[in-house]
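Order of writing sets the chain letters: A, B, C and D. Residues in each chain are counted from 1.
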């Protein structure tokens, strides 16, 4: 069972991102659950969401304390408290201009125990969506680093969730993020 | 009604406001939520001898996340639709406990309701009407963000014509909300209470003085202040624009500022040259879907409303749309 | 037992249970009454209005526009330091249901009388106990009373209990609509001074007061909510003992006491009927005929219902062979379709009690019950010593 | 932080020490932060008025501008609570407040 924890701010689409990955997994024949951390999400306030991907329909519906993957959509949340519990050998996917190793070092997660995938999702989002909404761009880095779902499936899900010009812009953002994601051990 | 409201604060400039905060930092309202501004001013005007009755809603859940509370005055929340009845229970208790000598006769304890549009124009209307009809000494402050924002922007009876909400979305069949906004201030005024007013945080002196006047009449009966509360999350605009958009609501005649003091209607902020409503609409994502024809439809509604207001005022206090 | 306090013998006056409840509220010097009229509770609020109008009671009477607002205003008044009272029935109790939980959750010492009546649909203004049994898990202490006198006494005891710092829970005093609410009978009323001596006002400790600001009714996240609810569990667990103490003190002060569960004609009984309110009163008058027929059937009268006096129930039923429970409400599709029987079945299993349990539903929508019907139920209880009736018996319904 | 047991909590969830919200810092919500230019600021109190979070502090701190204008008070930002909404900068008549990116430490 793969456990992913998403961190963002109210209004940035962390919950949507967690759902897109769950949808993609389900389309690819796996079982998956996506759920937000329930509470009064307020625009700007830190929020978290969870995705579990498994081969069995029996999936616990509990918060994820020891994730395999932590995804951080907002740079200001790149702090140890938000990455707490990441399993050794796990992957940090981050919206950050830094190199993966450099980011891990800054977060005190160096020493080769963790992997990181970084991409400047904010700039990509501004370029394609004219807004700092990074929840689709970051998926490019997620797919590239975890290979848990195929890129095309994610793109199909995005095309079904958004429509017309908005869908295409998001697709382009994901593709560019996929290409420019940097990946390495700490 | 033995309760004595006393002369409350009147301000000519912002500097007449006390510096002391009774609604303090550390709440969970969205970044750029104008309700924060409104609550700060309300508590400054009402002062420490005030009991707040807060209906369920954004302000309530964001400011009292156990174990934390932002309110330095006594604060009470019971449910969503009973702020009016709760306030009556409190106000009338203060009267009987004074009469029975349990609390000093001259003790100041003004009862002020704070509720959102859903809690006031929809689910709480019956309880509000009861309180007004009973003449209980309570000032009811409605912060109107024009939808159920606390639960995620579902439409309410206060949602304006053509506005997008999550339950009046735009699609092939629906073009956002298809009914016009419920005129709650006039419904309240029909209860013939001593003071009703509309207020806008973009006009501090006007808003603060209306809070003050609303408190002054409490020894004659209830008062009602309808405050427009521009909502960054629900109206889909940049958090920095809360006050600017609020100002445009009055400059375009969408939200005229008036008061009805013992039956006398008066526009408190005349607008000689009205801005076209498009100035107000274009900054808000909830109106992004509008076609020029739909904007014209809204302009027509605003013009009709302005005509009504001018008729009540007896003269043209809100002018035509400046070309 | 030190010498009982000299008890002034009082001449009883004729009062309906509704009026008795109103008198109790007056003699308790309640500060606020917020109530909405509903049959069959109406004469409670009418009488209270008269008291206030004549200056016999100095209280704020809040003419609310609904029962939802009635309890809301009463609750807010209580949290502002008032001794607050309200009364309702049937649809009104259902309409205010949301606020029942707010009142117990905020630990407000409110007392409310309930003239029990059937619930719509179809609408029925007549008596049964469907309304109250649909409010039994709202965290309120619940009493059933079977005479106007007991109603008067219990409202007084209720404030003493509710305002006890170790309790701080709202109390409902339930009695049968019409059959009791509008039935005149002799009632001894006490003078205000002695009532207030017995139940002095102990206002809500965190009352809304600008001199001591508090925040009441915050939103409570998952990390804290459970403990606050558990506080209610613990407070309720302490109630049976405290309720008995209050009743004992009431007996000393006024010469009348009821205990929290009464076993009537239980000496040598081999079967018991569990009943409350007016049915218990009628059974007291009918059981001697049963004994004359050789049916040694006793009455187990339920007075304190929430919390359920388990210890007493076990003592009274451990050596009888049959217990027949009369329910005046229906739990559609439940294991036993009488809600009270359902609860007692749980206790029977928990305590390994050996009697045969029989569930009988009767008097739904005030379907007439003659003395012969009560005798029939006594026969049924007697028969059930050696014969099991697994399914609830809907007594008196036409096929 | 150790969470209280049921015996330690006030009944009904009453908060008996309101104003303790100062422990609930909202400063980390901001992505942009306001910086007040003391030279340009005309001490008009509008930023202090509009801030929903009381995060603009009005201090009895005198300030003399280069042009020798003497002010008895100064405005400063309480970054522990500022959420970076930008209303102060938007409404400032003297354009004395700049919203700058919060550098991620």
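Note that a residue touches a chain if its C-beta (ideal position, glycine included) is under 8 Å from a C-beta of that chain, and two chains touch if they have at least 3 such contacts.
Fair warning: this is a prediction, and the values are worked out from it, not measured in the lab.
**Q** Per-chain C-alpha centres versus the global one: which chain is nearest?
**A** Checking distances from each chain centre to the full centroid gives B.
**Q** Taking mean CA positions as centres, which chain lies farthest from subunit D?
**A** C
**Q** Tell me which of A-B and B-D has more C-beta pairs in contact.
**A** Between A-B and B-D, the larger count of C-beta pairs in contact belongs to B-D.
**Q** So the centre of each chain is just the mean of its C-alpha atoms; given that, what is the distance between subunit A and subunit B in Å?
**A** Each chain reduced to its C-alpha mean, subunit A and subunit B end up 40 Å apart.
**Q** On a C-alpha centroid basis, what's the spacing between subunit B and subunit D, in Å?
**A** 24
**Q** Quick one: subunit B and subunit C, Cα centre-to-centre, how many Å?
**A** The answer is 43 Å.
**Q** Please report how many Å separate the Cα centroid of subunit C from that of subunit D, as a whole number.
**A** So the centre of subunit C lies 55 Å away from the centre of subunit D.
**Q** Mark out which residues of subunit A touch at least two other chains, giving numbers and ranges.
**A** Subunit A, residues with two or more chain partners: 40, 44-45.
**Q** At least two partner chains per residue is the criterion; list those residues in subunit D.
**A** Residue numbers touching two or more other chains: 13, 15, 18, 26, 29-30, 83-85.
**Q** Return the residues of subunit C touching two or more other chains; collapse runs of consecutive numbers into ranges.
**A** 106, 213-221, 224
**Q** Taking the touch rule as given, give the residues of subunit A at its contact with subunit B in the complex, in rising order.
**A** Spelled out, the residues of subunit A in touch with subunit B are 10-11, 40, 42-45.
**Q** Show me the residue ranges of subunit C that touch subunit D in the complex, using the header's touch definition.
**A** Going through subunit C, the ones touching subunit D are 105-107, 168, 206, 213-218, 220, 223-224, 227-228, 230-231, 234-235.
**Q** Once bound in the complex, which stretches of subunit D touch subunit C?
**A** Per the touch definition, subunit D meets subunit C at residues 3-6, 9-16, 18.
**Q** Once bound in the complex, which stretches of subunit B touch subunit A?
**A** Where subunit B meets subunit A, its residues are 28-32, 61-62, 65, 150, 232-233, 239.
**Q** Across the complex, what residues on subunit B touch subunit C?
**A** 48-51, 53, 60-61, 64-67, 69, 71-79, 81-82, 84-90, 92-97, 99-100, 102-103, 108-109, 126-127, 129-130, 133-134, 136
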